[in-house]
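The structure's right below; bear with me while I get my questions together.
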Amino acid sequence: MKKALMMLLAVLISGLVFTGCEKKASASTETTAAAAVDSKAGGTLIFARSGDSVGLDPGRETDGESFYGSTAVYDTLVEFIPGQTAVRPALAESWSFSDDGLTVTFKLRQGVKFHDGTDFNADAVVYSFARQFKKDHPDYDKGPWKYWGYMDMDNIVGDVIAVDEYTVAFKLLKKEAPFIANLAMDFASIVSPTAAAQYGEEFTNHPVGTGPFKFVSWIKDDSIVFEKNADYWGNEVYLDRLILKVIPDATARWLALQKGEVDVIDFPSPEDLAEMKSAEGIKVLQQEGLNVGYLALNCDKAPYDNKLVRQAMNYAIDRDEIVAAVYGEAGAVAKNPLPPTMWSYNDDIKAYPYDPAKAKALLAEAGYPNGFDTEIWAMPVARPYNPNGKKVAEVMQAQLAKVGVNVEIISYEWGTYLDKTDQGEHQAAMLGWTGDNGDPDNFLWVLLSEPAAIPPAGNIAFWKNAEFTELCAKAKEEMDQAKRTEYYRQAQEIFHEEAPWVPIAHSVVSVPMKDSVKGFTIYPTGKRVFTEVWIEK
Amino acid sequence: MSEAQIKEIKNENPLSEHWYQLRKNKTAMTGLVIIALFILIGIFAPLISPMDPLEQNIEFRKTAPLTGGYLLGTDDLGRDMLSRLLYGARISMIIGVISVSISLVFGSAIGLISAYYGGIVDKIVMRLIDIMLAFPYILLTIVIVAVLGPSLMNAMVAIGISQIPRYSRVVRASVLAEKESDYVLAERALGAGDLELMFKSILPNCLAPISVQATLGIGTAILDSAALSFLGLGAQPPTPEWGLMIASSKEFITSAWWIVTFPGIATLLSVLGFNLLGDGLRDILDPRMRD
Amino acid sequence: MLKYILKRLALLLPTLFGVVTLVFFMIALAPGDPARVMLGERASKEKIERLRADLGLDKPMSEQYTLYLKRVVHLDFGKSIKSGQPVMSEIRERFPATVELAFCAMIFATLLGVWIGVLSATRKNSWVDLTSMVGALFGVSMPVFWLALVMIMIFSVGLNMFPTGGRINIRYYFTPETNFYLIDTFKYLFRGKPEYFLSALHHLVLPSIALGTIPLAIIARTTRSSMLEVLTQDYIKTVRSSGIKEGRVIYRYALRNALLPVITVIGLQFGLLLSGAILTETIFAWPGIGKWLYQAISARDYPAVQGGIIIISTCFVLINLVVDILYSVINPKVRLQ
């Protein structure tokens, strides 16, 4: 009996080890067999990312992980040109402004169908938007429609009307230059009204759109599977199947890519970048990110209600050391709230140098000669603008100790962290932003204006500066780019002087993938789009 | 001469008698030596640490062991691993002692009262203990920390609370056995009060099982606090707590094995010490309790 | 026998009632207004009031408690704050993954543990015995999550023998039915795709070892001491003297009687594994209930936490009950006490 048991064990173990090796062998035979067929079509692409989507109804969610999923399923009226911040027609074929600039009329693409067979038409467009802001709309309660609020759409859009079956008009409340770009964002996705009615509360688990991929299944905390939409209105979609796989640990994602378990990975650890670049069969696409990582100092709470303290923090934190320790070669020190690739970036501003003595002097002047105790909140997950919040906090903690500021590091689960910071529960909190629509307004207004400081706040420094807000408001209505640029440059100067943040870094976005993955483009706005991706056989 | 009297005479100097047995017991002695070593390290950490455990030296981050003057290398922020490990011993010993003290004090009191008075008091208390035991132990600890908020102190409290049932049961069982013994009955006849009986006569005679339980409990507490820190619910950075050190090393398993390995070994050894001593004590003090 | 089981079941009810009560008040006393959390941003006063009314939060505590008890009896734990999904369906989606892992860990621990225990007992004080028992001591002294990381470092990264996490090679695309992957992939064994099943098994190896280490050590120690006791008993001497082969004496006669306390330990450990999975699942990216519950706790997702704890505790208590009953079936002396 004992022998039989041992035999069984031996067989099992060797079987298991063998499958490990066999996988590679079968993979290589597949390659040779398929090489004969010269087509871009076919194959499964597995994209490994750090967290699961919260939900797949893009109007309701705010996190990138949710949009990764919804982008595959949904289309918008206008869309970003791959790799750029400019927009082009998508579900809308064209649009025009009225003379007063307060009505925009969209001509819709005809003959498009949702994945459930519903016709795409003006009613669907009206439904997708009306539910987000009309308080008497039956589905308004399914919100909260957070992004609508983040983008201040309540103060931009007065009404949305179906003019005829394929024409939709937006009535605007004011002239708003970035409005068209807003419609390329995920929250403006067009959803199937029949599916939304059919699934009700479950709609967020069963997305139905017009996009390049159809939703198939979702195993929570593990994977979401999509399949090709053969009837896609755009160019042919090449991939048969797209799988978004959750692997929370950056090192584990890299290992999975090395072993061929996945094809493309998100948020590589900067520690591994050098190795990835030299690894055989792996390539790393890189692009300067449209993002900024920062430490927001809550101006509603002491001691950060004092400008001198905020400036002192800027002098006391050595950004070079932070970037060297945490970002490695994947980051650049920040001095402005805008990323350097954005138009109107004010390069004449001189960054606060690292100067502990100056910081101490400022603290003494502000009435804190012996420093003070403070919390610094650090986010628990890797983001494009900050690969490791807790570690950045640890470095800051050591630096600030030198000027007498005692830091307690606080962290929560990601969702909770966002909820608490946008309610202003923190003293100082780290966060960041990846641009949505490629407009400076999308940074300065969303993150630093007075209206954005009302909970749920995008302005988590709760910094309320009338002059700054007015400049940004004027730039919003101005259609002349040269004048807008001037307003934004001035706004950045005020920001620098008032120092509501300690800007930390802009990161370089890296997406490592197998050599065989072709046609992948990094979107500056942080989207992950697989419409044009194909796998070399 | 009754058996109880014989026992008393033999135990005239129970400490030296037990010490003698302890010295003969290899398991216990190994454990004791390990524990003594860790306690000494904990006490003298500031003197024997080559560097400040919190000082970062970004230039020398992830230095391998035995290079650049770092015996055990540096972590991802360039802090000396050895110094952090030595200070970690201090933290772990404190965690063990505090958590066990909490469960020991409350657990013994509950067990003592419950067994001494018996009847309805005993029934109610044991029901409550049953309810606590219905929670899987680790889960109970995590929930308590979640309610209290994550910090090292709260982790110790949570571990202490969730261990209470074990002590209550041990104490209750041995009090029940002692309660009816000749000498307790004799003292009661001589007019000793409840409190006096409980603390002067009964409790000292239950010390054997309690000390075994407490010794093993310290090991468990060290392991549990490491687990809580690993989940982000215990010690917070930059505390050089071993569990936290393991947690932050996760991403270096491909590049810097020492950051992962050493804190684990330190935890393993210290817990092993308490388990060895606990096992040995059990052999000596209460041969019936053996496994 | 039936009377004994009924009596034990009746005793179970007050315990479960206590668990539900304790969980309710622990959550109710924790700071934070669930309605506020649930609505998040953009929540107007009326909306919060309305939701509070819907959730019954505007009622006095005693009434809330009665309502809660009623719902729990119907296995309704409300909706998760984070995802808006019913807690029961969230649990149902993830429970099989955890049970599968716990089950494999237990099989590993039991087979190996009993074997080592018997080996040590029959060769008492030999080097085999000594090594095993020192090994068992190391096993219970080890931080499990550290062991998991070290195993990944050695076997996944270094030797490339095992995957680093997950439940199956994600390229093997299939739709799970039961969510027990070993069962779901079993049919593929006969459909020319044996690699599906093997891959599921392959992914279970490291997590099972990590999760099974502590039970393994405890089972080995229990088996050893129980065997030692049985081997000194008279009937074993009788059996031996009647000329039966030593191997048969040990496995057929001695082990059978020594297994009683081992079964108790196995049951108890299995119950503990369900919650112990929190650490293992976090490390191996295993989409089970432990990882989910941990996330729910740190997100203060109260309905999810309540539901999760009650379900796990109930399983734990039920498993213990089954073990006790099994024990009394084998050993009728217990019932008489």
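For clarity, chains are labelled A, B and C in written order, and residue numbers in each chain start from 1.
As a working rule, contacts are C-beta pairs under 8 Å (C-beta built on N, C-alpha and C of every residue); 3 or more make two chains touch, one makes a residue touch a chain.
Quick caveat, the model's predicted, so the values are computed rather than measured.
Between A-B and B-C, more C-beta contact pairs join the chains of B-C. Chain centres were defined as the mean of their Cα atoms; on that basis the chain farthest from chain A turns out to be B.
As a whole-number value, the distance joining the C-alpha centres of chain A and chain C reads 37 Å. Taking each chain's centre as the average of its CA atoms, chain A and chain B sit 46 Å apart.
Taking the mean of the C-alpha atoms as each chain's centre, chain B and chain C sit 25 Å apart.
With touch defined as above, residues shared between interfaces to two or more other chains in chain A number as follows: 249, 255.
Residues of chain C in contact with two or more other chains: 157, 298, 300.
Shared interface positions of chain B, defined as residues touching 2 or more other chains, are 232, 250, 253-254.
Across the complex, chain C meets chain A through its residues 37, 39-43, 82-85, 90, 93-94, 111, 115, 156-157, 160-167, 169-171, 173, 175-176, 195, 198-199, 201-202, 205, 247, 251, 285, 287, 291-292, 295, 298-300. If you check the complex, the residues on chain B that touch chain A are 54-56, 58, 61, 76-77, 232, 236-238, 248, 250-255.
Considering their complex, residues 127-128, 130-131, 134-139, 142-143, 146-147, 219, 223, 226-227, 230-233, 243, 246, 249-250, 253-254, 257, 260-261, 263-264, 267-268, 271-272, 275-276, 279, 290-291 of chain B touch chain C. The touching residues of chain A, counted against chain B in their complex, run 249-251, 254-255, 269, 271-272, 321, 324-325, 380, 390-391, 393-395, 397-398, 408-411. For chain C in complex with chain B, the residues that touch the partner chain are 14-16, 18-19, 22, 26-27, 29-30, 137-138, 140-147, 149-150, 152-153, 157, 221-222, 224-225, 271-272, 274-276, 278-279, 282-283, 293-294, 297-298, 300, 305, 309, 312-313, 316-317.
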